[in-house]
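What follows is a set of notes on a single structure, which appears directly below.
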Amino acid sequence: MPEILLAARNVTKQFPGVLANDKISAQLRPGRILALLGENGAGKSTLVNILFGMYRPDSGEVIIKDEVVDLHGPDDAISRGIGMVHQHFQLVPPMRVVENIVLGAEPSKRGLVDLAEARKRVVELSQRYGLEIDPDALVEDLPVGMQQRVEILKALYREADVLILDEPTGVLTPQEADHLLSVLRDLTETGLGIVFITHKLREVLAIADDIVVLRNGRVIGETTPADTNENGLAEMMVGRSVVLRVEKSAAEPTDVVLAVDELEVNDDRGQLAVDGLSFEVRAGEILGIAGVEGNGQRELVEAVTGLRQPLSGTMRINGEEVTNGSARDISKRGVAHIPEDREKHGVIAVYSLAENSVLNRYHRSPFSFRGILRRDVIDRHAEDVVEEFDVRTPSIAVTASSLSGGNKQKLIVGREFSDDIELLIAAQPTRGIDIGAIEFIHRRILEQRDKGAAVLLVSAELDEILGLSDRIAVLYDGKLMDVLDAQDADRERVGLLMAGITQ
Amino acid sequence: MAPKRRHLLALLMVLGLVTAAACGSDDGGGVSGGYSIGLVTDTGKVDDKSFNQSAWEGAQQGAADIPASATASYIETEESKDYANNIQLFLDDGAKVIVTVGFGLGEATIEAAKANPDVMFIGVDQWQDDALPNLAGLMFPEATAGFMAGALAGMLTETDIVGAVLGTDLVPPVVFFKEGWENGARYTNPDVQTISTYHPGGLDVAFGDPEWGATTARQALDQGADIIFGAGGATGNGALIEVAGEAGALCVGVDSDQWFTVPEAHPCLVTSAMKLIDVGVAELIGQAYAGTMQGGNFFGEVGLAPFHDFDGIVTDEMRATLDDVMAGLADGSINPMPE
Amino acid sequence: MTTRQKQMLYVGATLIVVIAWTFYTADGPQTTAVLAGTVRAATLLVLGAMCGMIGERSGVVNIGIEGQFLLSAFAAFTIASMTGSLFLGTVAGVGMGLIMGWMLAAMAVGLKVDQIIAGTVLNIAALGLTSFFYDRSRSLGMGKYTNIDLGPLADIPLVGTVFFSRPPLTYLTMVLLVVVHVALFRSVWGMRTRAIGEHPGAADTVGIDVLKLRYFNVTIAGGLAGLGGSYLALEAVGTFSRAMSGGRGFLALAVMIFGRRTPFGAYAAALFFGFTTALQNQFQLNSTFDIPPQFVGMLPFVVTIIVVALSGLIGSMRDPAALGQVYEKG
Amino acid sequence: MSRSLLRTVATPLAAVVFGLLIGAVLILSQNASPITAYSALVVGGLGDADSLLRTLQKATPLIFGGLAVAFAFKAGMFNIGGQGQLLVGAVFAAGVGFGVDGLPMVVHLPAALVAGALAGAVWGGIAGALKATTGAHEVIVTIMLNFVAGNLTDWLSANPWKDNSGNNIVARTPLVEDSATIPTLGAVPVGFVLALVVAAACWFVLERTTYGFEVRSVGHNRNAAQYSGIKVGWIMASTMAVAGMLAGLGGAVESLGVDGRFEAGVNVGLGFEGITIALLARANPLGVIPAALLVGLMEAGASRMQFKAGVAPELIDVIQALILFFVAAPIIIRWVLRMRADNSEQLQLGAGWGRS
């Protein structure tokens, strides 16, 4: 058995304008779990992409099983026993589980895929590691937890000695995450090494043997769970002491702003995604929607914002029915929306910041007059947003594509918050951005609540839900499992509800 | 910065060079020399194996026939809006005779003839309502040609089914050919069944779709037709070639003797319903040179092309009937297109 | 395919057979003629559809099939008339198709040109080049491909004439239908091809070279369109003429969509379109209706529009997820 | 300003030069002289007042056709249906032009133009509406509608609207009334002026109005546009209708200003050249004008090129394809000229505000 399974030595990688990895070194030994910890943009993904052969380092070397290697692509890494479970699953949705697992390394006879043989091997593998799966199910029909299992089996099928997992618990309930951690621990018994990438301190302490903390593309420190604690890790990760809890006053809810009754909504594939939901959000409170992604959150948000036609049920805003209102009808009523997918739904990449700053209001006075845009007014508005919401940019004339994720998100928040808001719908408002921006946006959301807005917060980050919400509704399979007051909610209880377990 | 600008500069220089070249002499070409004859095609090519080609051959023949040294040259029209301009190019070049091919050029030809009384114009397929002294419209009775071909087909068919694969009913000569063909077949064979199809597409594709022509000819063969008339540019040629692949079946070409223009059709081509455009054009050019050309309408000859390889199957009896038909058509006792 | 769909398929097939037989007993020659014309018109369409299908399954839209047909037909005809060999002509047509496929791949995959624009370039270039270089004095002295009877099979009434008395490239097309079907849905290549069309990122992470495979597939698919061009010049027609593809490359795309990007589905769709063409001819031949040919001629195009619209409405059709998108690594 | 303008035009300009250079090689391969050929081309298109008039006349429908493609591009749609939209526009404009008489010009001419524009709008709108409601791809639908339009207009001009004067046998409508004829001001056809005005209007609508903002938003990011409350389906349908209207207007100008009537088969191919023009202009409505003038010049001079140099006029089509290729794949030009890549070099089918 090699001494070092996988290592980076002084790896440097430069992207236009960013030094993503600056002389990074880290190593993984057999049977160990190495945690790479860092906030978004710290260089974790770049590093693992280099280790997996997706990128080539500008300088420095990659070592696999005690040998310096020159990886030309993922197939190089795979053939050397590296397996990777990506944060965004790399599965082909309309193909079967077994096809996904063997893709790229298919058992074949004269060029034809030997599906029977493939199925046999997959069943064998899943039994050996205790990862039950239906080999003939279509991946698109599986829940995310199962899809992750397919990803792991994919790596094991290729006889990986090293498993790299990129933020694997983001899509799981706390209980599922715990189960995953124990599966991973079992896997190391056979000598497998695991690289575990995360920004969640608790998980690092729970599972890692070795911890490497990255910040701004550099290694900031190496430690072990025995030698540190959450606060210590957080300080290393961010470079200053961070407030792990959001400071907020008690809510003072008043009138019902949003009332949803028996709402049913289909997803894109025509299947019921929101199944008879009823809830209310009052002015001055934050209702958090907790749940594993894909349990109807997106469809709920799209229905409430007028982007998706509900099948049945009613929605009222300030007492007026808006069930079949268009997106514009609803936004006219003082509804702001921070969409979950910033790049896809939030900004138009080739538009300037000025144009992006009026995406939701270009048609209104004073930004246009009788159908003609008033560019001077728009520009002034954009300057205001940039200043007030601390968007770091050389000018409002540059395109949105030139901004970092956090600055894009601040631009969106600034755009949505520039009017008086009756109802704020915030979906995954801090996904993938740095801690500074997260704190900024959390403060702004609370500010809106305190000004009397009703806030519907949808987040897959349980910590965010627990930290910000006044009440917590848990969504599972399109149904509302329960609505808890924030003080009654804890990870355990919400986690079980997220898994559909009521006690 | 600097290198970038240099490349742009280089680019501009190349452009300048091209422009300079363009502004250079344009007199090197041209066609003038001796008695010059110009031909403007319809939107088609001088080697279209059809009427443009016939007219061009006629123009060349005419140039060769006249005693003085004469040259013939052509312009192929790309777009029908260019008719007038293309005629003007020859006028500017001092052409003595200008042949314009196709009824589409009729109006442009009349305009040019009015404006240039010293130049002789020959308009192929252009009917003249009012005779201009320097413009001869070369017309052909297509129905007569079609009738003769049909009469032969009526006698030759063994299945009593004859088919026609045609360009488009938007072009009247095609309709005349078809009606003449069907009436001729019925004239010699009252039991005959005539099955005919026009291309279903627009004017822009109707003459350029040999695949449809071939498929449709096959469809007609499959239901028993044993002689197919292909009339419609490349579309008709497709039909002829298809029939060539069917043992025992015969085909009839159109416009010129297609024995020479579609050699692939030799195995089936019994004759062609000809408009002798080349003969007519050459003759009119001769008249123009001699100063005897009359304005108004000039009727060119139509007829059947030689039977070539199939000379043997046309019996003396058939030939006699054909002669009668021809005589009847000539003296008006047979109307190829009643109504 | 669901059981219900299968049932409908069987019912539909039985119905077609029954109707065909009824007509056949009523008027044998006409029925044979219409159905033979159907099969004939379908061959070119399905070759184009298979070309488009392999591209689209890999995530590359090919709107240049029309141009591929035309330039390949030109090459096939020119070489065949120069060498006097239909076989060499066919090879040249396929070769030209491969070159055109490679050019499409170079633009759409390599240079990351918008795929629709890349295909349009091919179409315009093919029309210009063939018109510019066409030498009309050429001809096929030896004639075009002729029918080959498949022994006793050809003697079966109706079916024999319609399917088993055909020229060689039509048989080859039928064989290719099976080959492409097996290759797409059973082979390692096919599985990888479908993967790069649906989720190129996933394919990349398991070591499949997405760009290389797309290059390969679009090029190979061009060979199918090239065979279509050879078929057009050397089997269907027996000569070349300007713009002779006449929009069939576009119809092939509709056939591909209607056939849900499967070879047999596309063949069924192509037969359907071939049938509308043959039927419209038959109406005219029989003088069934006194409808101007211009209106009858709209039939296939109107049907295409309806089909494309309906397949969107019913939602029975889903594009490969990565269709039309440039793949950037990483 | 001039620097950035230079950079903007560098790629199309280089594409034209490369196209002409390769064209020169083809001319040489035909044993003709490129210099004679190209000089004849230019003289044929610019040599005298008549040539200039023809160039302008040829450029006019190309501008409309180019706008029809460019406008749809802005909403992320590819309108290959310019041909069919132009045909129906041409035939209906002619229909009103000859079918109605006794109207003063100020009423009749606009009415005929509007008839053409509306017919084109309906033809384009069908494709847009089908795309919006059923997802039917506009490329397939517009191609099919081209065929249908060809058959429909052929039939109209050969049957109900046929010119039965004299011995006419051609499938064409009667001449339009004088009151519906677009006049010529000096050497400049008024239709060309109209095309310039419409191009400027397109630019203004796209860049300065809320509707244009919506169109461009849909073109750049359909999802974000939908999330910001824009009715994406309506924008797609209406954009295609506007595109069809532009092409239909081009057809109307042809019927009323150039041909004086509609004639079957006369306007073939005009609509397709709009694609080349729009790409050459990088979908910029103002850029469409020089692009159309260039192509118009080549087409006006093609006859003279054949006459003087014996080069087949199809060479123009080959050169156009080459230019299109180089515009579509600017990377080749950059490589040859060693220019540095920047955003303006990409063929972005739409850009931000003219903030250069």
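Should a chain be cited, it is by its letter among A, B, C and D, assigned in written order, with residues numbered from 1 in that chain.
The rule we apply is simple: a residue touches a chain if its C-beta (ideal position, glycine included) is under 8 Å from a C-beta of that chain, and two chains touch if they have at least 3 such contacts.
Everything numeric in this text was worked out from a predicted model, so none of it was measured.
Colleague: Could you name all chains that are in contact with chain A and with chain B at the same time?
Modeller: C, D
Colleague: Which of the two pairs, A-C or B-D, is linked by more C-beta contacts?
Modeller: Answer by contact count: B-D.
Colleague: Tell me, please, which chain's centre (mean of its C-alpha atoms) is farthest from the centre of chain B?
Modeller: The chain lying farthest from chain B is A.
Colleague: Return the distance between the CA-based centres of chain A and chain C, expressed in whole Å.
Modeller: Chain centroid spacing, chain A to chain C, equals 44 Å.
Colleague: Distance-wise, how many Å sit between the C-alpha centres of chain C and chain D, to the nearest whole number?
Modeller: About 30 Å, centre to centre.
Colleague: Just curious, how far off is chain D from chain A if you go by their C-alpha centres, in Å?
Modeller: 47
Colleague: At least two partner chains per residue is the criterion; list those residues in chain C.
Modeller: Counting only residues that touch two or more other chains, chain C contributes 247, 292, 294, 297-298.
Colleague: Provide the list of chain D residues touching at least two other chains, using ranges where the numbers run on.
Modeller: 147, 151, 154, 158, 312, 314, 316
Colleague: Determine which chains touch and list them pairwise.
Modeller: Result for touching pairs of chains: A-C, A-D, B-C, B-D, C-D.
Colleague: Quick one: which bits of chain A touch chain D in the complex? Just the residue numbers, please.
Modeller: So the residues of chain A touching chain D come out as 305-307, 326-328, 331, 337, 339, 341, 344-352, 354-355, 359-360, 362-363, 368, 371-373, 375, 397, 399.
Colleague: Once bound in the complex, which stretches of chain B touch chain D?
Modeller: The touching residues are 3-4, 7-8, 10-12, 14-15, 18-19, 21-26, 28-31, 43, 73, 75-82, 85-86, 88-90, 93, 103-104, 106, 127, 129, 168-172, 200-205.
Colleague: What residues of chain C sit close enough to touch chain D in their complex?
Modeller: Interface residues on the chain C side: 63, 107, 111, 113-114, 116-118, 120-121, 124-125, 127-129, 131-132, 247, 250, 253-254, 257, 292, 294-295, 297-298, 301-302, 304-305, 308-313.
Colleague: Enumerate the contact residues on chain C facing chain B in the complex.
Modeller: It comes out as residues 29-30, 32-34, 36-37, 40-41, 44, 136-137, 139-141, 143-144, 146-147, 161, 232, 236-239, 241-244, 246-248, 277-278, 280-282, 284-286, 292-294, 296-299.
Colleague: In the complex formed with chain A, which residues of chain D make contact?
Modeller: It comes out as residues 208-211, 213, 217, 220-221, 223-229, 231, 348, 350-353, 355.
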